[in-house]
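Per-chain residue numbering starts at 1, and chain names A, B, C and D are given in the order in which the chains are listed.
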Amino acid sequence: MQLGVIGLGRMGRIVVDRLLAADHDVVAFDIDDDAVDAAADAGARPADSIAALAEKLDSEDGKHVWLMVPAGDPVDAALEELEPHLESDDVVVDGGNSYFEDSVRRAESCPAAYLDCGTSGGPAGAELGFSLMVGGPEAAYERLTPAFDAVATGPNGHERLGPAGSGHYVKMIHNGVEYALMQAYGEGFELLHEGRYDLDLESVASVWNNGSVIRSWLLELCEEAFREEGNDLGTVADRVEGGSTGTWTVQEGLEQEVPLPLIYTALGERFGSRADDGRFSRRLASRLRYGFGRHDVPRRE
Amino acid sequence: MQLGVIGLGRMGRIVVDRLLAADHDVVAFDIDDDAVDAAADAGARPADSIAALAEKLDSEDGKHVWLMVPAGDPVDAALEELEPHLESDDVVVDGGNSYFEDSVRRAESCPAAYLDCGTSGGPAGAELGFSLMVGGPEAAYERLTPAFDAVATGPNGHERLGPAGSGHYVKMIHNGVEYALMQAYGEGFELLHEGRYDLDLESVASVWNNGSVIRSWLLELCEEAFREEGNDLGTVADRVEGGSTGTWTVQEGLEQEVPLPLIYTALGERFGSRADDGRFSRRLASRLRYGFGRHDVPRRE
Amino acid sequence: MQLGVIGLGRMGRIVVDRLLAADHDVVAFDIDDDAVDAAADAGARPADSIAALAEKLDSEDGKHVWLMVPAGDPVDAALEELEPHLESDDVVVDGGNSYFEDSVRRAESCPAAYLDCGTSGGPAGAELGFSLMVGGPEAAYERLTPAFDAVATGPNGHERLGPAGSGHYVKMIHNGVEYALMQAYGEGFELLHEGRYDLDLESVASVWNNGSVIRSWLLELCEEAFREEGNDLGTVADRVEGGSTGTWTVQEGLEQEVPLPLIYTALGERFGSRADDGRFSRRLASRLRYGFGRHDVPRRE
Amino acid sequence: MQLGVIGLGRMGRIVVDRLLAADHDVVAFDIDDDAVDAAADAGARPADSIAALAEKLDSEDGKHVWLMVPAGDPVDAALEELEPHLESDDVVVDGGNSYFEDSVRRAESCPAAYLDCGTSGGPAGAELGFSLMVGGPEAAYERLTPAFDAVATGPNGHERLGPAGSGHYVKMIHNGVEYALMQAYGEGFELLHEGRYDLDLESVASVWNNGSVIRSWLLELCEEAFREEGNDLGTVADRVEGGSTGTWTVQEGLEQEVPLPLIYTALGERFGSRADDGRFSRRLASRLRYGFGRHDVPRRE
């Protein structure tokens, strides 16, 4: 089928390649001309503007446009240019990490059918295909099934989970769980690293990945990390970036009054790792130990 | 090769079956005669006592005995009966969930070479094979490699990780991580369940298991749980049993001064789920709200 | 000085009484006529509407109005009626638990000077006086100092902490800390209650309150709770209501990327105590133990 | 009454001074001669060995000895020298931070009556008196009441809470609660410090200490800390020492299956503050973000 893809970064380019590999007709646009040229070399039809892309989508089945741009303003900016060219039997897919309430809002105002599509799997999805969590009108989802089959890990790798917003909602919570899983493995490997035995952590991860209860793709990535960085993780710093989807997950937990202590703690560890001047709470606690017990206060130089 | 297996419960029986399937010569004993008969029907040579089992292990390569009995006293009881029959070129494997310091102690006093072998994978290992984390003398591990190949998921499913105790040490921490992973998925599904959309959780788990970053065997078990119990988990009670290996993991974290907040929280949720009279801490907090603010105190009937 | 007080609930009535006790001239209004009558009996001048109250505030120093109504819409409703009667040299105090961003907004639109005033101390403040955390213009705070002196625990019991919103901001965080303190004492007493000795918890609280590092007013309230409810807290249920200011505190922590694990955990315990059907996360964890280990699943009847 | 005091460090010296101030007859010993001389200057009778101290305790009421030495081996060492001089109607008080199970053991083997006495209040107790949590035989506690009256904040500042070990048990849990309270205030002040307003934290602490729900002695110490160190806590480092009693509290929680998430988290913050090479768990999480998403990995220089 015919698809326009807007946004040719790492993830958007994978979408293009997997669509092309499945013999779909792809029109590609990015604000970076080089990215458009590269997609053209790979077999996509290039467009030098969103308007041009819309024009080249000339199938009788209606226009199908897959957005793969950063969450927030870039999505609204792309939609603003795109929407004048859309009609009610067209379909827009937002495959980025948008906040689910933004997706609900956009679905309401978009002249075309609007599918929010949480996308997980990262660059490794280039070969394997992604996990696609889709929200929005059923008919639109059905129509785009051939595209989803191509981009996902196959027919089981995509699913319409509910109405507008539900795809990004599920993806948001997916990411919250992801934070906690990473921290859980991290705790285990930290204890193994600091603990009583001189262990080869790559071997531990490897044997765990072969038949244990805690085997997973993230654990395979742990194995890879120890193989590539060494048993002490080499120069990797104690600083964890990111956090927006985890923050949204915790906020939604507050809204729904669902306690998420593991996800919250994992998010807090990220915040804490970025406290470049040290944690004020701990500095106060240290000073209080002097206050009540005259314990020595460690001082900065 | 020739092996004696002591303990024919769910896990021990799988060890027997996988050894037999790989054409090893198995002598089997359990305090339950029926379990011995069943193993005999499957092709093992039955023994009606540990002494009898030891006698039937007549290979020139030395005796090899695999213990698969509950952690704690049963291991010591089995060893007490077994050790009079052992010599220094024999090998004992403890495949249960023993505390690693017990394994160090037993390795020191056992007349044979002693391998502590953490075993993960559960009953599903019957078909796939287990993940085996082995500690103890290298030569003994080498000698039993054919048996480990048979019981594990293959050559990558077992590994000698270090000296005596290290196998059970790694298994202990594996279990701590397992608690946290279960709780992490639990938080995600709880929020999905209580949240804004009416979601089919089996579908969510399924699409996540196909290509997402958080795919794992535990997530496949979540999918199975929703399929078999229903979207609301039916009659499954809010009561999580178990906790000994998680407790050991937390204790080791205290010893090593490694914070394990996710593992601790997951363990605490188990404890909390078993507080049949409610949590005293929360009852006090509720009463304090009356104390300072004259807020109504919910009362038991 | 002359003050109008709008809202004669538990806290508003204390404001009235303390102002009267300091010989201020108080005009009192509430939507509940009985509350107005009671305040009149105590010595306040009654008003049967906000307009009437405004009219009776006839001092040449300008009108001074203290709002003590529930946070949210009631504050806006009162202001809507009040503002037509206000001029730029009048002063409004919002002594309730308003969200600080609402206070910033109201301060901007109010024709009079606007002071947001976090109030802590609860009904016990009737005798002792409150702790008042004030935000807003310095001149207005100076002008109302005699009233603050009367309502607070004295001159040290009130402070202007910064510009508009800062009073309610500090009160919000005060409440977050309060949740954590309550839970911290709760954990200690729970362990004492479940632990190795048969202890009289009132005695423990009493001896702690006399000279220990952890002595506090909340601990005095613990002592009172055990004295009044008994060592087992009698019929007090495991259900903690409330949570809005704690939720705001956690949200602000997310905004500022400051981890608040104790405050979050204390809030989560409240949420968890209200999960009448049990915690879904734990129910899933219990079912997963069957999934990987065939452990028995406790079932609801 | 007549008392021997062994251990004249900061706390032991306060015990001596308060006993002297109440006109008790004090014999003082320390391994540091200067400390003995100083106590003698203050009015105590000096002893140059434990044997000499025992000899000087010549009252017909029996010998009374107060130990104020570091927990662990020093207590056993002092008892080893002291016990040959003791008889069944003598009384030993261990006022240090001993582990409660050690106190139970010592009470069993000590020829005299043995009181374990948790002591809280720190150096500030010099003026105010301590909170004393006493375990052991009732008769011995009654006998020493005049001494406890002198050392404690008065008759309400000491209490016999139960049999041997219960005093140190309650003190252990007191300290666990203390960790959590300090961290709770720390979280609040960290958010105030990093938050939206430019606040004077000493003023905040001061207004909270005058009438608020969260007023406490620890909060007075926060106020003092900001006054003495400045609003940014000056050179106070992000490193919190100590942790043994908190660790014991958490271990006891594991034993009793009582979740203590706030106390555990506060303890973990101490551990984390001492991880000089950064937290391995977070370093792994950062590297995993590269693994699944090709996010940049912050590197150490």
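Annotations for the structure displayed:
Keep this in mind: a residue touches a chain if its C-beta (ideal position, glycine included) is under 8 Å from a C-beta of that chain, and two chains touch if they have at least 3 such contacts.
All of these numbers come straight from a predicted model, not from anything done at the bench.
Put simply, the chain farthest from chain A by mean CA position is D. Remark: among chain pairs B-D and A-B, A-B carries the greater number of C-beta contacts. Inter-chain spacing, taken between the CA centroids of chain A and chain B, is 33 Å. If you average the Cα atoms of chain A and of chain D, the two centres end up 49 Å apart.
Note on chain placement: the centre of chain B and the centre of chain D lie 40 Å apart, centres being C-alpha means. Looking at chain A, one finds that residues 121-122, 183, 185, 187, 190, 194, 213, 217-218, 257-261, 265-266, 269, 272, 292-293 touch two or more other chains. Under the stated contact rule, the graph of chain-to-chain touches is complete, every pair of chains being in contact. Residue ranges on chain A touching chain B, taken from their complex, read 120-122, 125, 128-133, 135, 152-154, 156-159, 161-163, 165-166, 169-170, 173-174, 176-178, 180-181, 183-185, 187-188, 190-192, 194-200, 203-204, 206-219, 249, 252-253, 256-263, 265-266.
If you check the complex, the residues on chain C that touch chain B are 10, 121-124, 182-183, 185-187, 189-190, 193-194, 217-218, 221-222, 224-225, 229, 233, 235-242, 261, 266, 269-270, 272-273, 277-289, 291-300.
Residues 213, 243, 247, 250-251, 254, 257-261, 264-265, 267-269, 271-272, 274, 292-293 of chain B touch chain D in their complex.
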